[in-house]
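Provided herewith is a single structure, encoded as structure tokens, for subsequent inquiry.
Chain naming follows the written order as A, B, C and D, and within any one chain the residues start at number 1.
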């Protein structure tokens, strides 16, 4: 459907983009520039800004429960936003919202939806017929199971195994869609196949399709909850296929609220949380003591995590 | 503080109002006209639109998970919105948001905040000194306790009793503020009273003030949750002092999303829910049977509620 | 996996069930009787009560902000609960919680999760290998697309078409699992297939499986939100495959909170909401006027809905 | 009212406590011991456990989406809970709930209610008459405004100023209640004062009372959200009058879920979050470099916060 939307309705889309209105609301020029533009993610997915409310000034304004545009001097606004971020005063960040149109594989949608603090309207496969669009990983993302992490990826598959896996994925995806259409009593052009058949209900036929098929939704979230989403999903532990969406949204956030983005990067994304025992180890290290896992009180896994934090440049 | 905001910063407010931006976002002219304008409520309160996102078209658009402006014909949009409202398809209404600046008595704020589905930034009496502004009811709203409803108002107080009550309220409110300032070691002009005293912490001194004192906050809510709030608080059972705020917001809603407002009025506010037994009684009435409370299966209270629904014009 | 849980660990399950503790908390005997017992739904699914908090008395108690067990007389408790339900005083119903272990097809899980007011822990296909269990409709549930309702089912498919559809569903489900195992480098017994292959990461291999495969989760929800879920999903417009879960949970609710169940049935499930214009038509009917769609002010669809409400026995 | 509840209904309370039921649910003996017992906080407040669901085992169980009691070995459960806490896998902690009856001053309730992720039933001053109970700080908590922190306390007030402030608070509290009763047309024994007066509606008369008056509510929250509440409100930056409630709840949590309590203490409460620039400074310190505020890239306030973290024992 999305290609139908973005191709056959291209004229209408152009119309929408061309329309400009006059508003007294907080407006972000850098976001207006990419409003309605699909930003490509994975092979057939995208993220597209549909609407937004507020800017960095709205965060400052809410923090001051004042009506103006905050202080005029940017460094004061940055200082206040840094303070809010550092001290977990999160409510002012709830005062900004963004609404995105997203196209994504079903298995990504299933992870995504676990974040319950957003509003969602998803394309309904009870009501409409899904498009023939499915996700096939690029060869460099076709990873083996990690041997050290139950929930992660290891080396990239190569050679015959890679080819074998890709062939299975593609063939089965194509076959599933062909059978999906058959169940619906449709030919490959979407025309009725056999006048004597009824066609299975769409809400049942969809059962045939695997979770690499694409769905799409409108997704609206406030800035506070967006940062929570991004801190988990733009993280290196997140599955690649959702991380690329998070990264696209990080770029959007940087355009939208640059001061908040800076504070988010400085105080959350690139900072680190140390445990009570981890802190004690750090204090001893600073005093020049030789601290080892054995005398640190940390488990070997925790010790590994601490060392990684302390060694990263 | 609010008067300080709205008076001494009047120039800055005028500046804000005068600024216009160009946007590609959904824009509602009727709302732009009253953006930032305080709408007076009670003796010192107000509701003021700070920002908004979306319009009726955004509801339609989300329902269609499409990108455009919905169908061009208004009657089709109205029909779809009516359908959504009637069948409780509530998620498309979550796609619109409004942010209001509200000044209200503390006891109203305490009822209000029980709606947990909004974002709030309240003026902090730990951080700042409250203004000398308190709510005193108009004589026509000075009601006696209802004798039939534990939670409601009866006749208006008159004569000596009314005067007595108003005098107590006013005197005590004035006295409380005077003592509040005294505890803070401030004179009535807000200047330090006595160099040899420290002044009580603001977070403690505020304990002195009664709940008819005004507070203020930024409050952001989506259209779905706003309608839930309004269906409870613009209702005749709601306390007068919160109902007037709800009524001001109903007016705002009518300007903002006229099609949704129409559907809300038709299908929720002015409709009624009948119980299983109430419905059975109605079916018998339509058949021409004589239905009484006794043979209806309803309690006398339920019977009274049903008759009231059926008799209202 | 669930069958593994419920079969191979049967002894442990028996152990759990046999253990009894002494508690001072509100306890519901009728629920204790079926605690931990899987209630079968669809071909491989189930609903199983893992824990619960509160009972009808807890609703009454919260409504009274009192500490006792509410009034001793059941009819007073029923009256209060009816009142709360009728007047949408919903917060006391939030004071009871239930935690369920549910096994359900992925496409059902995708509808279900749109209710955001519950806590969920789902079986992770990043971490673990899914079982070979998929949903195949019973012949009597293999329905054609409705011709009048875009979102519903029509007649049951019969004969060759039914057989054809079932064959496709079964074959493709079996084949998908076989290829899933192949990608994971596992044979059909779950043993390593080829020492020279790495096996695709589980988080990628799962993409191969269609949405009729079963997943499972722990799902915790309060009584208020449960009723909201049930009012939508035990409704005749809900898809059959989720409705059967809702019906199983209605039975659980009836055991758990019989007074609340009664009020829910009387005031919500079997009642009806009339619009402003619908009410006007009813008032005229009661007066003996001949009301038709044309003179009612209702659209033909609304008129049909009203007539259906008024004719149901 | 609460004293009425806890005194005049003492027999009934004893009854409730004496009743024991047999359950198959997870049960925590250390919590059963204090079930229904009011734990005194401030001069007239309390926290009282009304019900709970789940234990440490329920967290483990949800994390494993398994049905049993988790592993038998406590150290494995502690290890898993530590892992969940460290890596912000928060959903398993949502699977436990606690319901508390709390009596607290209105100004504390106003801070408290800003946490929107709990269920609340509050004593209604529209419906009932408030008790004559108000909070007066102990002399050692009668603090001056901090001169360095706009939102905090400085030295304790002493001598004449302390006496003056306490006298104002007490006199005004007593007077407010006397006038409250007068407005309600009640004498000090709660009897009708004057047959010829109507008495002001309770929903209006309550306006007279200051925010140091006590209210009470039932408050139900899951373990995840409780920890969020405690991390903010048991913190040294929280106002003393809410912190003492948080501390009472920390004790309750320690009894309820000792493994989770340990992880919470180790990984959150007594740990610390370092910013990107703060981490860089720490890395340089460990290498033996002389790091000063000037060459650290931190603001002086951030530097102060970092030094405090590194110096705490």
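Observations, loosely collected:
Everything that follows uses one rule, which is that a contact is a pair of C-beta atoms (placed from the backbone, for glycine too) under 8 Å apart; a residue touches a chain by one contact, two chains touch by 3 or more.
Note that the structure is predicted; figures quoted are calculated from it, not measured.
Chains that count as touching both chain C and chain D, per the definition above, are A, B.
Counting every residue number used by either copy at the chain A-chain D contact, over half are found in both chains. Mean C-alpha positions place chain A and chain D at a centre distance of 35 Å.
Spacing of chain A relative to chain C, judged by their CA centroids, is 29 angstrom. In chain D, the residues touching two or more other chains are 91, 114, 120, 122, 124.
Contact residues of chain D toward chain C in the complex are 5-6, 9, 12-13, 16-17, 19-27, 32, 35-36, 48, 50-54, 58, 61-63, 65-69, 91-92, 94-95, 97, 99, 101, 119-124, 216-218, 220, 222.
Looking at the complex, you find that chain A touches chain C at residues 105-107, 109-110, 113-114, 116-117, 120, 122, 124, 126-127, 135, 137, 142-146, 150-155, 157, 161, 164-165, 168-169, 172, 175-176, 179, 182-184, 197-204, 206-212, 239. Chain B makes touch with chain C in their complex at residues 79, 86-88, 91, 114, 232, 237, 265-267, 269-279, 282-283, 285-286, 288, 299, 302, 305, 309-312.
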